[in-house]
Structure formats: structure tokens, C-alpha cells
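The structure that follows is given in the form of C-alpha cells.
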Amino acid sequence: MRDVREGRITVGRAMEEVRGLPFEDLGFAKVDTHRGLRRGFPEVVYCPGKTDAQIASILERMAADSSVALATRATPETYRAVARTLKENPVAYHDAARMIVVGTLPRKRTGRVLVVTAGTSDLPVAEEAALTAEAMGARVERLTDVGVAGVHRVIEHRRALEQAKVIVVVAGMEGALPSVVSGLVDRPVIAVPTSVGYGASFDGLAALLTMLNACSPGVAVVNIDNGFGAGYLAAQINAG
Amino acid sequence: MRDVREGRITVGRAMEEVRGLPFEDLGFAKVDTHRGLRRGFPEVVYCPGKTDAQIASILERMAADSSVALATRATPETYRAVARTLKENPVAYHDAARMIVVGTLPRKRTGRVLVVTAGTSDLPVAEEAALTAEAMGARVERLTDVGVAGVHRVIEHRRALEQAKVIVVVAGMEGALPSVVSGLVDRPVIAVPTSVGYGASFDGLAALLTMLNACSPGVAVVNIDNGFGAGYLAAQINAG
Amino acid sequence: MRDVREGRITVGRAMEEVRGLPFEDLGFAKVDTHRGLRRGFPEVVYCPGKTDAQIASILERMAADSSVALATRATPETYRAVARTLKENPVAYHDAARMIVVGTLPRKRTGRVLVVTAGTSDLPVAEEAALTAEAMGARVERLTDVGVAGVHRVIEHRRALEQAKVIVVVAGMEGALPSVVSGLVDRPVIAVPTSVGYGASFDGLAALLTMLNACSPGVAVVNIDNGFGAGYLAAQINAG
Amino acid sequence: MRDVREGRITVGRAMEEVRGLPFEDLGFAKVDTHRGLRRGFPEVVYCPGKTDAQIASILERMAADSSVALATRATPETYRAVARTLKENPVAYHDAARMIVVGTLPRKRTGRVLVVTAGTSDLPVAEEAALTAEAMGARVERLTDVGVAGVHRVIEHRRALEQAKVIVVVAGMEGALPSVVSGLVDRPVIAVPTSVGYGASFDGLAALLTMLNACSPGVAVVNIDNGFGAGYLAAQINAG
Amino acid sequence: MRDVREGRITVGRAMEEVRGLPFEDLGFAKVDTHRGLRRGFPEVVYCPGKTDAQIASILERMAADSSVALATRATPETYRAVARTLKENPVAYHDAARMIVVGTLPRKRTGRVLVVTAGTSDLPVAEEAALTAEAMGARVERLTDVGVAGVHRVIEHRRALEQAKVIVVVAGMEGALPSVVSGLVDRPVIAVPTSVGYGASFDGLAALLTMLNACSPGVAVVNIDNGFGAGYLAAQINAG
Amino acid sequence: MRDVREGRITVGRAMEEVRGLPFEDLGFAKVDTHRGLRRGFPEVVYCPGKTDAQIASILERMAADSSVALATRATPETYRAVARTLKENPVAYHDAARMIVVGTLPRKRTGRVLVVTAGTSDLPVAEEAALTAEAMGARVERLTDVGVAGVHRVIEHRRALEQAKVIVVVAGMEGALPSVVSGLVDRPVIAVPTSVGYGASFDGLAALLTMLNACSPGVAVVNIDNGFGAGYLAAQINAG
Amino acid sequence: MRDVREGRITVGRAMEEVRGLPFEDLGFAKVDTHRGLRRGFPEVVYCPGKTDAQIASILERMAADSSVALATRATPETYRAVARTLKENPVAYHDAARMIVVGTLPRKRTGRVLVVTAGTSDLPVAEEAALTAEAMGARVERLTDVGVAGVHRVIEHRRALEQAKVIVVVAGMEGALPSVVSGLVDRPVIAVPTSVGYGASFDGLAALLTMLNACSPGVAVVNIDNGFGAGYLAAQINAG
Amino acid sequence: MRDVREGRITVGRAMEEVRGLPFEDLGFAKVDTHRGLRRGFPEVVYCPGKTDAQIASILERMAADSSVALATRATPETYRAVARTLKENPVAYHDAARMIVVGTLPRKRTGRVLVVTAGTSDLPVAEEAALTAEAMGARVERLTDVGVAGVHRVIEHRRALEQAKVIVVVAGMEGALPSVVSGLVDRPVIAVPTSVGYGASFDGLAALLTMLNACSPGVAVVNIDNGFGAGYLAAQINAG
């Protein structure tokens, strides 16, 4: 908008042009191709509820405008379907993160995002966060299996916590880890509740509420199992 | 039942006798006078929703059978009404615990119950637990304001934790403290969520769920704000 | 901490040593090998969400430091995978409790933990509690199918209730049994709500709320279906 | 409808007549004056959210068609306002039940409705049930303060339970009493959860869920604190 | 209890005898064989969560003491397993009600229970109610597919409503039918919410709440999908 | 936007102009003065949480651009404060609707909106709907106190239902009325749940769920107690 | 009712006739054949929980009275079963909408209903709405994949929004689109929350709550995933 | 820890020293005086549930170690009590933010935090966020009353959005604003749901869920009404 040429071109026309550009209409999805510019990173495809063909098609269009495109919660089957369709692009499947990466991750990564995980079962969500942040250019470190039941394990790693620019903490069940981490160091903490647990964990609700009520300031929360969202936000802060 | 005399006395009669004894009928409340024997401690009056006259009357009857009788969530007004009615008994008001004590607390207390509190606002519930345990003969120690936002404060007190026979942990907001405490020492932990908090604490629900999902074993939970129940159970365990 | 040698060794070094010891890093899980000492019992593996390989690997490491290691909510398939991997250790599957036991249960068991079950469908949770307590050295008795709809069945067993040092009560649906049991005898009661029921039982929520609101004091509650947690806590109290 | 005369009178007219009759339009409320016939008992005024003038006006109109008219959840102030307006009618205030009775309760009452109450604080709801049933012609007995924490108190009264035609059980907190009562005798049980309790009682929700999940068949439940509804239904069953 | 012979026999012995009798211990379930006497009808087996062998075994024991025994929520497979085991008894499967009947339904049925169903999908629950009431000796009529969206359909059947001694109303989705029915006639209404619906029906919660808030008195509610409970209670009222 | 002159004026300038116009900045609130044009009706002030001075100031600004401005949930005190400030404008208080009207309601009203109310206590919400629709130019009819407990009352008024262009149905407690109304006639129904009720009505949640699950199509729902929203939407449909 | 001939025919008879007519009893379902007249459109079959045979039978009966009959949430299997049974009728399956259409959609469609969809995964619900409205005679336009994360996409289409007579907005996850759309134009908006999302979307609850709280007036909400209800209501408004 | 002198000093002593320092014990609260160092900012007092004397005493101690100390949710009465006690310190009350500031806000503020508010009633929470960030050294800009019902108002301010380093968005009711804002610019967004709303807003729950489900990545959420937490985190990110 700021770049519109002043002068002869009329408002109506300018509007027309703008209208014409930013969408690439695929029938079932409008790929917002200006988004990479406007937001610094393209949209990412969330796979559940979409057909393999739809996913492949959206990724293909996104890959045309961007050096890297992502798909989250992808099954190996979807990956194979995508790989078959996008023959011209490098396509990789990161199974720990359940993600498809089209294109190449940035080589040079900067800052430092630390992804801390409470338990072994929380790893897929944590990897989704870590890989997303890496795809957006962040240097990422991982610290795994340091739940609050053995709080001294967290404290042992205080130096790692202090060196991070932003910390993502992934925890299910009771979800108390973000509060403990945030109480130890002066760094922004992005908390990710996971649906790991049973009974009164109510599929992650307990961890979500715990994190929202964190008595230590400097903690904000994303949706249950939303590793992508946490990694995205962490990368934004890391780059800020 | 074990004491019934065998022989001449018929079943019907024995039943009659049992029927006649254990209740003292006050019209609005049946005071279970055998309870002191059966359960080791008389019933306790929960004040909200009862008139001062009802409370005084129940306490009077209980005091006749027991060396100490308690009323919880009592206001100073109720205390004064009770004190006016029970002129023959020593009646004291513990305002930090919002409790009325009729009779005298046991002098000789044994074992060691540790009551740990996360924040200043949780103190009334913690005091209710502590005083109840004392009334039941337990030696009680208190550790206050050691929330997880400063987890090193908890760790500093590890020795006190280790010396307790049973630990009561009182916490509102996110309620993560019981898990941290339980992870540090091999002692039974009774967790009391409090209604301290706002927003998504939902009047203690968040803390309750956190505690039920504690990833460290050895933790059990009582109702929100139920300091009395926690103190009672702790005293039972302490005496066991 | 108390054992650190004073004198020549510097703080930094002492810290280093402590850092070096207590974890055995398996990549995906940090096994807390000091925990047996610190807490009296090693960690237990909760199987859902972990691969058979991960479970076997964690159990193997735990078995190296402890005479007995447990895995809960284990399928027969996982058991077979574990048995194949841990050829040097005795490995048993207790299908009523859905648990894997690596090593040998303590021969000499002390005290008395009573596990009371409301209905036939609650048995797997009850067995998880019983076996856990046995693994921790407790003598365990079982009392099954004594729900409140036939309250005289409970009363018949009052002697068994009175002889226990601590009572675990497992119940689904309405979850009223712990309150009735606790009202009969002066013993600590650990209540375990189960997800048995339908409709407004909301997968155990109804039983959970009932137990938290137990009008009889001396009752504390663990998570829905958490037989392990109840057995663990009961064994702690039993040993106290 | 069954009484309409066949013959000359046309459908349209018959409809007109029916239309003309059953309502007495007060502007803010249509009093359904045929209801006494159709349903055996007139409507009852629920006071909260209505002005004293509205309540008095509705009661006046109802009293013109019926020997007795009721208002529930009435304050003493409302009673006085009603008494001032309805000078021609006997108006009484039953404060234990918080009800206004216009007219005279039936002298001759039949059958036997037993109203059982768990705790002292549940009494207002129980009295609302009892008085409503009496107003509808039922003989009513009361059994108070027999909560499940002392289950032997309930059992003592088994004969009273057996003699009732229908039993109303009023309980707050955990709400386990209806299940225990229903398990003892072969009588229909109407369960009334009350909002008595705190914390995880969630204003009666816990008791409501317990009662809905009663493992003993023969129990049905009305709304929280709905003594009127329970008394009404009990009287219907009692008269059946 | 009332029948105990007075005289020589001692209390202890009498108690022993009582103890010995009423249970038939099957290891996994205590069949309460006195229940038929005490409650007028034997216990009924709820199948989910039990093995076919357990179900067959419990039914066999129950059939020995009673002319008819029921199992609810039974699959055809379970039926076949039961039929194979109980070769001596008549065993039938009612697939509309998903119930197994061991023995013969009473020939002579009395009173009149009307089972009203809102929609086609609610039929299995309605049939469970109807068959249960028949097994307990009630004459049962059925009225199907008369939901409130076509309220005139209900009104057409007012005579059938008036002739019933008690009415069971089964409805999912919004659950408004019991209130409409109860407003038309002076009969006790037992409302059964079903889990039929989607979205904000929350598996029957919406219908449950609607029924609990029924503005017409004379309605009580059982658990979601609990046709058995409604039929049982209706039969009790019908026989009263 | 459609009116922008093509030609000389540049995009930047056009944007500037648009930017300059539509807001009137009051410091604490941006009054959207173009809204009357864009949406056909100005914004309405929701009073709770705003000071009298803020309300008066916003209304004053709105009245300058529109013939009528509204404030909802207004107390008489706020009305008096507003009347004192807006001396130049006609200001009226409609206490049945708890609304302030600045300016004059349209004389000529068209179409036909029918506002149906279940109970006397629902009237304030119904009046808010009716007055809002009138202020937007709709002819409004009212039908009061026709709850489903007396469903024949609704049926009597079928002609009025049929003559409406759109029907607003206001109901608390069980909220079944919209479904019944919608089942009778082929008209769009806007359902408004109210917070009238107690216990398991959960402040209107029960009525809300009932309405969302209405088995009769042609029903849509607004927020609990949102008479304004229903009246607004009804007026839009009425004018369509 | 208005058409009943006055004169000879008696009330009783008229009632009989009316009684005889409007239902076609299929045993398991009463097809309300007058409904097409009374409501302008026949009932629609909701498939889940019904057998293919039941669905075919109901559709057959409906098709005899109406030019078009619909079944929602139909699988391809059900479609094939229906097509085999209804050989005389044109039967089509619209897989994007998961609907069966028996008969022919109206050729001439009037007005303009705009169906706006937030994301690709919401399309089935949106198509259900669109097809329903078309079956009821509405001209329907579709606007897809215009979620609020790229709010400029919505604004681009303001002209389409302005030209609609009524707008259906379908959105999952956060459900914010209806509010944004309603804020842009003066048209009635029917909001349809979908169950698309994960974690704290709680199967559509989050979107439902968002829409009910829409700060822009002129929005009403139907049940989660209820495309049919939204399309039906939109067609009613469109025809009004 | 990193600063401990190596050499002569023994581990035990070092630990002792550390232990001695960081707490200042006030009896009811342990002020964590090292926190300013460790976390970059001292603890803040949350006033509700604490007495004026407690608040004053904690603030006094904190002010001794820090140039600025804060108290949130403070009433004017509490302010006056604090001002009377802390005579040596500058004490100010910011009533728009309901906060007490002891000491002086930093003069030199850096970066740029933008606080965006949806509606007038959300202002107190927004001011709490803004003032907290200022106290921590951030330059803060405010943008008020730009709710999604007039989404063009947000778009107008895109430049301000783009210039911010981090954006705090405060919104009640439906809470859709953070998603819209985040979709426009590539900046981290901290979303604060407020309890502004009624009915199905459930005291902020609706807004909270909306924000957690934000379909635009780059959004994280704090507790309902937690302006302080948002401002704190924003300042951390701003300084990073």
C-alpha cells in the first residue's frame, strides 16, 4: 500500500490491482502469497481434515514463492503423496516432529531458542516447536525430560536457561514446569500444554489451566499441543 | 458390636440397645456420640449455613463427651455467641484459622506434621489444617510462602521436609507446589488446593486439577480450601 | 548434599560431581538414578505414548539400580517386547493389573494395606494399586465388589477395615464408597475414582467430585484410574 | 375436550370457547386456571425475579380457583406484602420452608411420603419438599441429619424407610445418601441435590452428578435445591 | 431381620448366620442373593467392562434365585456366550433393547406404564426401559416418534397419557418432551435424556440439563441413556 | 468507497480522507460515525462497566449523527445522569427494558416482529428485544407468559405466530419454547436464552444448550439475556 | 384449522379427521406429512443412528408428498442403499455436502444467500448449508477460505457481502469470522461453528462461544456443524 | 553461583551464605530480594486477599532493594494506607490501572510496546499492562477502542502495529482482536482476555478460548484480566 505510485493511476484501478495480486485461488483454498512479505513467513498447512491432494497442491503453490514451506501433523502417507507430487522440490519428513518440510531450512541461524520438555511423551510437540523455529531462522537448543518431579534436574541446567533469548516449555499432565523455569531466569517463556496425561488431565486442560495461572510472570500460553504456534512465536521474539 | 454379651439377651434386644445409644437427638442434628470411640475424634461443626444457636448447641453436646470440640469457618460473631452459651467450657477463637476450639488442645503432641504454604493468601486454609492436626495430638511445624516461582526457597528447606512424617501442602493459583515437594522427599503429601487466584483459576479448579495430575507419586488431594480435611488426615497418618 | 566432604574440594567441583552423577542420559529420557535413594523407590514407567523400545530401555536402566522396576498400563505386546530385551532379568506380566514387574517383589512385607473395590469393572485399577503397594514392601489385603447399593456388605467387613493401617477405596459411577468406609473406621482412606460408568459419569468426573466432597474427614483423592498413585501413597503411609 | 357437546355448535365456536376460558390474563402473567383440573394441582409461584405486587396478584387469582396456593423461595418481606393484599384469605409463612401458603392445607392426608435429610444445612430444601407434598394431600414423615458418614444412622431407620410409599432424599456435598437409602428398601426414591458444600461441590453439581450415577436403581433426580419439584412428584406418586 | 427367632440363639450367632447367607461369592463379584427379597427384584448385570464369562456366571447364579434375570447393553456375541453356558434356562435376546433375559417375563402384568419416545434414534433406550418394566410385572404401552418439533403429535395422544399410571419420556438433542408431556397431564414423569445429538448436545448433557430444569413440576430425571433405571423406577411406582 | 471520485486524486490522498472521517475520537472510545450508513443503524452503548459520564458522552456524539441512539442495561441513575447532560435531546427511560432512548423512535414502523416470552421473569429481556426492533423501524407485537408447561397456550396463538415475519422467543430455565414455536409455523425464530432459573440452569447455560439443539430447523440463538441482539437481528430480517 | 367447514360436521368428527391425517406411521417413525404445508418444507432425515433401511423408508414416504427430500450426514453406502430402494425417484449424492437429494432441486431460485467459509476444512458444513438453501429455493453464492488471519481477504469481498440478502458464515477454531463480516455490512448473519480445530477448541465449543459473544449485533448462532439448520433458516429469511 | 570464590571456602559454608542471603523474612511473606538480580525485576504484590498492613510491609521491604516496586489491583484505600506507612518513598496511585507505584518509573524507556484495546471497558486491564511495561523500562504506545466489529479501524492503524516490537492486545467478549492484529503484521502478540461480557462469555472464558485457538500464529495468551503478566512479558521481549 505504501508503495502505490501516486499520480495518474486512479483509486479504483489501484484497488483492482491489489485485489488481483495477493491471492492464488486454488478453488478450495486461497493461498495468501503476499503473506511472506507481510508477516515474514508463509502460511503453514495444518494437515488433519485435508486430503493429501489438497495438501500437496497448497504446498506446491507456497513453495513457488518461498524458500521453505511446512506442513504440520502430517502422516508418513501424506509425506509420500506430497513427495510424489512435488518432484522438483526437496521434500523431507521429520517424523519426530510429524512435519513435512518443502525446500531447505535456513543454514545460518541466529539467536538462541531453548525448547525444554517435561517428559518423553511430550517430545513430538516439542520437536514441532523446535523445527518450526529452525525453519524461521532461529538457532535452537533442546533440553529434554526435566519434569518438576525431579526439580533439581531443571536447576542443573540453569546456565542453558540463562543463555537462551526465549524459552519454549512443553509439558503435559500437571504442566508445572513453565512456572518453575520462569522463576529461575529472566527470559520470556512460551508455555505449551500437551494432551499427555489421563483422567483429570482432561486431554490437556489441566496443564493449560496450570500454565495460565503460573504465579511467575513472564509466561504466556498457546493452545494444547500447539508446538508450531510456540515455535513460530519464539522465532519472532528471537529475531526481534 | 464386638462387646455384646452372648447368652440370654436376644437379638432384638441387643439391637434395641444399640439403637438407643449412639445418637443424641437435638431436633435439627443427630450428634453421633459414639464417633469419638469409633473414629478417634468427634465430629467437627462446619459453620456456614447454620445459625449461631445451632452451632453452640452442637458444640455443647460434643464437648460433654470429648476433651476438645472444633468449629470451622467460624466468624468472630459466632465465636462470641458460642462463648456466651458455653460458659462452663474453655472456648477460644483462632482467627488465623477461623476456628473455634472448645476445651483444651492436647499438651503432649507426637510425630511431626509439616504444613507448607505457597503464598500469604493461602494462610487461613493452612492454619485450619495445622490447628486441626494439633487438636488431634500431632506436633505441627509450619513453612510459609515458598511458592514454585522461587523454587530454590523450597529446596533450602529440604531438611524440614525430610524430618516430617507427613506433609500438608497448601497452594492456590497454579497449585504446582505439592508436586515439587513430593519430588524432593519420600514422604506422603496431602495437597490442599485453595480458591486463591483469579480468571482461569476458576475458584481453585486449576489448582485442584494440577494437584490431581501431579507427576510425582505420593500425592493425594482434598477439596478446595479444605484445610480441616487435610489436617485431619495428616493427623491420622501421623498417629498411624 | 549432607555428605559432601568439606575442605580441599571447591564449590565448583562439588557441583560438577553432583551434576555428573544422578542422571543416566538415554537421549529421550533422563533416568533419575538417585531417586531410589532420595525417594525410597525408583520411578515407574507409564507406558501409553512410549514405544516398546523406549519402555524396555528405561526399565533396563532402572533395573540396574534397583531390585524391582515397574511399568503401568502395559499391554501384553509391550510385555513380550520387554521380556525379549531384558533377558538377564526376571520379567513378569500381571494382567489383572496391566503391569510389568522387572525383578522380584519383596518377600517380606509389613503393615497392612486394604484395597477395597466397589464393582467388578473397577478391578484392574484396584490391582494396580495392590501390586504397587506390594512392590514397595506392604502386606496387602483385598476386599472386592462391596458397592454402596448394598451397604450391608461393607458393614459386614468392618473388622477387616479396622485392622488395616491404611485403606485404598476404588470406585466408579457415583463413587460414594470411600465416604461410607471412612465413616466406619478411624483409618486414612485413599480414594481412587475410576472411569467406570456412562452418561453423566463423564469418564470418572462424577466419582472424582463425589470423593472430593466426602462428608467424612480422613479421605484424600488421587487422579481418575490412578491405581499406581494410590498404591504408592498407601505404601508410604504403611511404612511411616 | 371430551365434554364438548356434539351437534349444533360449530368447531369454530367450540374453539372460541376453549380459547376464552382457561387463561386469566393479568398483563404480566397468564394464570392457567384450568390447570387445577388438568393437572390436579394449581401452578405455584416461584418468587425470585418477581415483584411483591406481581406475586400477590398471581396468588390472589390462584386462590380464587383453588383451596390452597403456594409461593416458594419467599422472603418474610414478600409474605408481609402478600398478607396485606390478600386480606380475605388465610395467609401463612412457613419460614423453615421459605414458603407462603394461601388457604388451608388439606386436613386429611393419605399415604406416606418420607423426607430424609443428610445434614442440618439441607433442611430448608427438605421442608419445601415436605410442605408441598402436604399441600397436595400427602401424609409426610421426616427423618433428619442421617448422612452417609455415619451410615449406621440410616440403617437404624430401615423400618421407617420400608413403611414409606415414596422417599424423598435431600443431600448436599457428595450426595451419596439416595443411593444408600435406595439400596436398603424397595421404594421409589426422589433425590434432591442441594447447593450445600464448597469448593469442588460447585454449588450442588457434585451432588447432582452423584445422584444421577446412583448405582442402585430406583432413583430419579430433580434440579439442585428443587424441594418443591420433589415434593410435587412424591405427592403424585403417593396418590397414584 | 424382623424374622429372627428370639430366645436361645445369641447375638453373635445370629450375626454369623446373616453374614453367611446373603452373598454368593464368585471371586470377582458378590451376588447379593437376598436382594430379591429386600428390594423386590434381583440385581441386573450391566455388561460393558465385563467379560462374557463373568456375565454368564453372574446371570447363572442370579437365575438360581429368581424367575427372571436381566443383562443390559449386551451385544449379540455376549448373548450367544450366555446361551451356550446357561443351557438349562430359557435365554432370550431382545435386540431392540440390547438386553438378555434369562427366565420368563411375568405373564400377568398390571397397572400401566407409558413409554414415550421423541425420535427414532432414541428407541434402544426406550426399549430398555419398557422391557425392564415388563420384567418387573408392569403392563407397558409405547408411543414413538412424537418429538416437540411437531407438538400436535403429542397432544393427539393425550388420552394415552392420561390413562398411564406413570410415564417414561425418552428424548435426546434438546430434551424438551418431558416438560411438554408433564404439562398436559397429572401423572409422574420419569425423564431419560439420551446421547442422541451432536455438537452442543455434548453427548446428552444438553438434554439432561433441559430435563432437570423442566418448568413443569412432576418430572424427575435419570442418567443419560439409562433406560434400565427409568423402567425400574416406573415399575416400582406402577406397583406402589 | 464506491463513491470515490476517479481521476486526479491519488490513492494516498483518498486513503487519508477516509482515514480522517469515520471516527470521532473521544479519548476512551472511537465512535464509528459512518456506521449508521454502513450498517443501517448506529452502535448502541452497553452500560455495565462504563461510567455515567462515558455513557452520556458517547450517546451525545451518536445523537449528533442519528435520529435515535440507545443504551442498554441502564440503571435509572444512569438515565438521570444522561438526561442532565443531553439537555438538547429528548431522552426517555424505558424501565421494563432497562434502556435509555435518545431521540425519537420512528413513527412509521413496518413488517411484523413477534416477541414471545415464556415467563414473567423473562420480560426485561423480551422488552429489550422489542424496543430495539421498534427503534430500528419494525412493527412489534408481544405475546407473554406462554411457557411449554402449558403448551396449549402457545397453540392458541398460532395465528399470531403465522402473521409474523420473524419471531423472537425469550425463555429461561429449560428454554424449550423456541423449538415448539418453530415446529408450529414456517417463520424464522431468533431464540434468546435468559439467566432465569436456578441450580442446574447454570445461569442460562441449560436454556442456551436446549436452544442450540432445537430439533426443529429454523431456529438460531443469541447470547444469554441478549435481548438487544435478538431485536436487532429481527429488525434486519424484518426489513429484508 | 381455519379451513374446517362449519355446520353439520361435529367437533368430535373434525378432530378425528385431523387426527387421521397428518401422520404416516412407519412403525419406527411418524412422518409428519402436513409439515410441508405447515412449515413450507418437509422434515429432513438426519442419518447417524438410523439404519439404511429406516432412512430409505422415511425418504420414500417423504418423496411421495414433496418434490424434494433430503438426508444429511449420509455416507456413500447409505446413498447406494437408498438409490437401490427408491428406483422410481431421482436420487443424487452430493459428497461435498455429505447429503442425499431425492427428487429435483428447484430450478428457479430467488433472492441471494451468501455462504462464507473460513477454512478448507469447514467446507463440508458450508456445502450442507448451501445445498439445503438451494433445495428450499434460494439462490446461493459461495465465498471460501477467507479466515480472519488474513482479514483483508474478507474486505476484498465486501461487495458480495453487501449484495446478499442473508449471510451464512461457517468457521471453526476461533470462530471470529461472523463478527468481522457482520461488522462490515448491514445484513443478517447466521453463524455456524464447526468442530474443526484441536486442543482448547473442545470440538467446536470455542468457536460456538466466540460467535455467541459476537460484539457486532446482527449475528445468531446454530449448533456446532449444523450446516443444515443454517441453510434452512437462511432460506426462510431469504424468502421472507 | 557463578561468582562463588573458589579455594578456601568450603561447600558447606558457601551453601550457608547463599542460604542466608536471598530471603528477607517478614513472618507472613518471604521477600525474595535476589530476584531483582536473577530475574531483572522484583516481585510485584497482588493485593486481593492481603491486608493493607501486609501490602505496605512487603512494598517497604521491596522498595529498599529496588528503584521501583508495584502493587496491582489496589484500591484507593490501600493506596492511602501504603502512602501513610512509606513516608520516605515516593508513592503514587494510577487509578486507570488500579496500581500503586513506589519509587519512580524509569525516565529513559526504550523499544516500543504497543497496547491495543478492543473496548472502553477493557481499559483498566490494558493500563495495568502498559504501566507495568513502563515500570520495566519499555516505551509504550496505546491504541484504544478498535474492536473487530469495525475491523477497518484496526487496519487504519497498521503502521502503528508495524512499528511496535511487541504488541499486547486486550479484549473481552468474543476476544477476536488478537487474531486479526496478528494477521496484519509480523510481530509477537501477547493476548489478554478480559472478563468483560455477560452470559456465554462466562467471565472471560469465551475470550480466552478464542485467543488460544487463534488461527494466526504468533499469538500467546495470559490469564483472564492479567494485564500485569502481559506487560511484564512484553517488557521482557522488548528488552531482549
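Going in written order, the chains are labelled A, B, C, D, E, F, G and H, and every chain counts its residues from 1.
Assume a contact is a pair of C-beta atoms (placed from the backbone, for glycine too) under 8 Å apart; a residue touches a chain by one contact, two chains touch by 3 or more.
Predicted, not measured: the structure shown is a model, and the values here were computed from it.
Student: Please identify each chain that touches chain E as well as chain F.
Tutor: D, G
Student: Using the contact definition stated above, find the chains touching both chain A and chain F.
Tutor: Joint contacts, listed by label: G, H.
Student: Among all other chains, pick the one whose mean CA position is farthest from the mean CA position of chain C.
Tutor: Measuring from the centre of chain C, the most distant chain centre belongs to F.
Student: Work out which of F-G, A-B or A-G repeats the contact pattern of E-F, with more than half of the residue-numbered contact pairs in common.
Tutor: Repeat interface, by the over-half criterion: A-B.
Student: For chain A and chain E, what's the span in angstrom between their mean Cα positions?
Tutor: 52
Student: Suppose each chain is reduced to the average of its Cα coordinates; what separation in Å results between chain B and chain D?
Tutor: About 37 Å, centre to centre.
Student: CA centre of chain G versus CA centre of chain H: separation in Å?
Tutor: 47
Student: Give me the residue numbers in chain D that touch at least two other chains, ranges are fine.
Tutor: Only 1, 150, 152, 183-184, 199-201, 205, 208, 212-213, 223-224 qualify.
Student: Going by the contact rule set out above, which residues of chain B touch chain A in the complex?
Tutor: Residue positions touching the partner: 118-119, 147-152, 154-155, 173-176, 179-180, 182-184, 197, 199-202, 205-207, 209-216.
Student: Inside the complex, what are the residues of chain G that reach chain E?
Tutor: Interface residues on the chain G side: 19, 22-23, 28-30, 32, 35, 43, 48-50, 54, 193, 195, 203-205, 208, 223-226.
Student: Can you tell me which positions in chain C touch chain B when the two form their complex?
Tutor: Interface residues on the chain C side: 1, 38-41, 44, 158, 165-166, 183-188, 190, 208, 212-213, 217-224, 228-230, 232-233, 236-237, 240.
Student: Hey, which residues of chain B end up touching chain H in the complex?
Tutor: Result: residues 120-121, 123, 144-146, 149-150, 152-153, 156, 196, 198-201 of chain B touch chain H.
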